[in-house]
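As structure tokens, here come the structures.
Look for chain A in each of the two complexes below; its partner is chain B in the first and chain C in the second.
Let's look at the complex of A and B:
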């Protein structure tokens, strides 16, 4: 491999000018992004276009315009699309299940779709992902008898089948309780082989905890791409703590210490400047986008 | 109790006649000769010290992994007698698994059974209350009332089509997006699902055809129209959306059949000329389907 190829492959997933409309709604508007190996968080409110973007990256939907390249492969070419799918693990949002399947039978079914055809290999893969998400003892339970959190974990488990090199998770932490969310973060951080992981969420604390890279998507456009620290820094000098509510601030809420936290352009009276968090940066960005 | 352990040839036994660490490690890893295994086992039954020393040699991680694999295999089972039988005929195990897992199987079966029951019950009522007049232009010698089978001839292939449509329409597969995002050949998946739905739907339809009044060849005569209709729907799905294709196929069957039944009576629907026409449609659809299978192979949702 010459030096130029190496430079090209440093970015594992690349998208340029992606647009997609649903009727009159513009879901994605000229979205461009570069994903490296490791975890990238996609942050945005409901309806920002996160699901559309992820389903295009997962080769499930076709963009109206723009290009995608995954590991140097072009999903517009049929054979290359299949090659991408061989390396892909995908958790769609609101994944539906065949409710009469048992947990093991469902995973076995998905393993076949992922071309793990050997019977013994499949059993080992199914056992491995069941252990990874802690559902080993539910292998024989029917899906209709699982709680919402367990179903979400099953969705994560099927995405892990076949040790994918690209893991696309649409709202993976939805429906998980705090302890399960911690276990999920641990699981992602410990995945061997340093895969490309992109996960969408509307919770800034997921991003701050595990994502070295973050992309903020608002109304179908990328408004920020960088590190969580960089996102927090966009709010530097605009977050204050005060004892009183201030009507001029963009956003104000009372924190656990019973003081008001203000995000805005001008300081309220007797306020003290505080270091911004990822959430502050995100709130300011979405406020600015909404005001436009 | 002390037992003598293998001599110079095997791994060293402990100096005091107990099993040495090497021997126990070999036993735990399963690398010993048969004769050594026997000796170690004989010793272990009587020596608590060596038993606890052995447990330190066991790879607990491997043990846990094996346990999960066993649990998963037990949960998956071997799929019952039918699948074992087909497996012995040389069909790949994973395809049989898919066939069994085809979620539409039960649905298309249920759909066909309900449809057939409704048609048969409707006909029985129609005959009893005289809604269907006996005799007509298509009346054949030897059959008291061929008009009785008209609704069944019209609906039976449609029921089979509905069962097959349930197998390939995305709206009936809650995990459809997973199938699209997976590398497994979409065309193979389509064929497997169609085959299972076709079997499930044909069985009740053909069974009902045996029970209905009419010529003895009626059940067989329904096969070709049903297959042609389904093949046409699949071929059309490579050109238009799958839902539009299923509806188009249904309409294209119903309209000429209704015309034929009102002008010439019901039996020509399944008699010679119609069979030739169905065979032609079946062949043409198969050719189109094969030529355009990329549409399923590399599926892409809009």
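Let's look at the complex of A and C:
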């Protein structure tokens, strides 16, 4: 195996036995995972520990127990932590902004903090990410004048500054309209250099569309790690479509075709078995974890 | 991707270490260079943000207004004006403190701490960038200083500016910025900066609460905190307040604030850096304390001896110039005021039918307040009593300064240009005219026990006012404003009657000492003088020349003068009697039972 192949397939981010508590609440419970290059989706309901896990991977917070290795670097060591951050792009959940800055000034400022110190380099980098997220015409607009969706795109843009090797995006598609979400998917898929991307989202269809790998985090523990197809397959034989609601199903909802979709252990009356989706698999896992 | 839920990751995970990855020794060296570049780049951006900050712009404007309000009100003396420029810098410093606190607290206030924590540039690097970015306020401070200096220079100042004092103003602004960053690094709420800015301002304005020379340790010694009276004379107390020590104190405080800001933001466990900061902090504290001690030393006795001597016996150091039978005696450096003083006096004398027999002296005087601890702290009570006796002995009207032959001008009170100069010239002309018609001057006030006498129904009062109006041509509205109205009753009790009075323009400004000048003038006298100005000047001059001696007699009445001029007596606004009102404010020092001017 040559070196290129090794880099593509080897583990880039490793976590062993990560635990983190907030008072009496256990946010992470001995989580371990290995991330390779490419996009990994992180699915889980609110309070599952996604944001805590991502902030630990981003070296922003430290676990109570366990250890993390990013590109072989240990974030507990000051110098290695800085080295990790040099290769990191991070979009936290609910990011605030310096609202009186213009879009370009904000990105320029973040670029400095990412140690892109040459003026020309910064200008080129800012122009590149603005073009990537389609905000070129808003460069001189003050952030307070941007819509919520535009601000979210700006948050993604700042994470892309410096062409990071590790991109951690905590709910990046929140607030984006359908067209912007499609453009975002395209953007992540086309990122050069095959970086490690960890994408936390509630949108199962985003995961299905662009993530070769998916992790389901429930109640601070990893309940699934594999491909989206594998996640969908966990619901195989347990998803039905019917004209009536079935009270015995774990979950039921009316679809776009006006028919009821049921996830459960037994088929409703007059129901037909349908192929499961990533969302079905996730919902079934989530239900099972909640029932436990 | 695999999960190792609860277990250990497979070996080989670290094999993904990228080419070019540094060993722990490598990144450290790289980090230092990167941090330097990051600090410089941040400093540039933060400096630009400060320069464009509306707070800083407002600070420059407000500071300029403060400086202007000080330098326009008094004679432009450079050894006074340079401290006044520093008072404007105090205002700018407050604005810079708030702006710097807002900048340093920006990540936390804007809910961006998580994102900032993910950057390779740590909080201490950002703080260093903020501190270096304070260079951005230097142009604002220099602009304020430069414009103010040009304005002072255009006013034709006396003396030369002290570069040390002016640089102290710049250091004040830098120190305030560093303090703002230290506050912002810990407290992000905007109120924290505002409260921080109030501390130096309130401290500076509450100078009287501090004993000894402690007011000199305040962020900026204000004009009125004792420095003011020291600054009027360039000679014996040049060097006070101690500008170099104060600049050193400000530099020490700026350094200390910067170190605190870095210490607050530096990451735990960086023992060597912390030790370096502690050492630098100790140096900053030492510099500040030494500079403070330098300012707290008492003024040497020899210097105060000379100051008291110059105040008590001005004739011993003043240079006198005689022009048209008038002696002008001025302290060294003030000779350029001579033409400005001569003009109104000459005009009055030119309109007199007969030159007075005795000469007139116009003299600068210096009033010292030895009770001010800033001036005399550290000196024994016996020494203070000795100095006080010297000054008492030299009051106008006592042995050293003959009564009834002098007009006294406080040092530094003579304005240079504009409306204030016109008012001051009228006041001087009025004092000269009162002297010419034998109305008791400021010396007479002292001899009558501190009460101003009132020339009730004396023709010579109207003549004096008419002469002053003729000499300086003040605006009618300004003169009219000093009359009683139905809303504002000006009057003073003489005998059993309340006499309506007239407050001439600039009556409280202290151009002539003591404040208020000579006698308390009456509304009747002014109204008759105003009626005289409506007559042809030759006609009035003819009437006055015909019986000049009689008009100078204090028993000659307004009615006699009006009759001689063939004009009706103007009606005077009446003040209704009130049992509790013996004197009606705001009159300049009317006391119960003011005496009638006689002699």
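We take it that the second predicted complex is superposed on the first by the 283 of 292 C-alpha atoms of A that agree within 3 Å, B and C clash if a C-alpha of one lies under 4 Å from a C-alpha of the other, contacts with A are read in each partner's own complex, and residues count from 1 in each chain.
We adopt the following convention: a contact is a pair of C-beta atoms (placed from the backbone, for glycine too) under 8 Å apart; a residue touches a chain by one contact, two chains touch by 3 or more.
In this text the structure is predicted, and so the values were computed from the model without any measurement.
Because the two structures share chain A, they can be overlaid on it, and in that overlay chain B clashes with chain C.
By the touch criterion stated above, A:165 is placed in contact with chain C alone, chain B being left untouched. By the touch criterion defined above, A:241 lies against neither chain B nor chain C after alignment on the C-alpha atoms of chain A.
Contacts of A:82 after superposition on the shared chain: both chain B and chain C are touched. Of the two partner chains placed by the overlay, only chain C lies in contact with A:14; chain B stays clear of it.
Shared-chain residue A:174: touches no atom of chain B or chain C.
In the superposed model, A:58 makes contact with both chain B and chain C. When the two structures are aligned on the shared chain, A:251 is found in touch with neither chain B nor chain C. When the two structures are aligned on the shared chain, A:71 is found in touch with chain C, with no touch to chain B.
Of the two partners chain B and chain C, more residues of chain A are touched by C.
Using the contact criterion defined above for the overlaid structures, shared-chain residue A:32 touches chain C, although it does not reach chain B.
In the superposition on chain A, chain A positions 55, 58-60, 78-79, 82-83, 85-86, 88, 90, 92, 95-98, 108-110, 112-115, 117, 119, 158 are in contact with chain B in one complex as well as with chain C in the other. Taken together, the chain C residues at the contact with chain A in this complex read 1-10, 12-18, 21-22, 24, 27-28, 31, 34, 37-38, 40-42, 45, 106, 110-112, 114-122, 126, 267, 269-270.
By the touch criterion stated above, chain A contacts chain B in their complex at residues 55, 58-62, 78-79, 81-83, 85-86, 88, 90, 92, 95-98, 100-105, 108-110, 112-115, 117, 119, 122-124, 126-128, 130-131, 136-137, 139-140, 158. Those residues of chain B lying in contact with chain A across their complex are 64-65, 68-69, 71-76, 92-94, 97-98, 101, 103, 106, 173-184, 189, 294, 297-298, 300-302.
Against chain C, the residues of chain A that register as touching in their complex are 6-7, 10-12, 14-17, 30-36, 40, 55, 58-60, 69, 71-73, 77-80, 82-83, 85-88, 90-92, 94-99, 108-110, 112-115, 117, 119, 158, 165, 213, 215, 221-222, 225.
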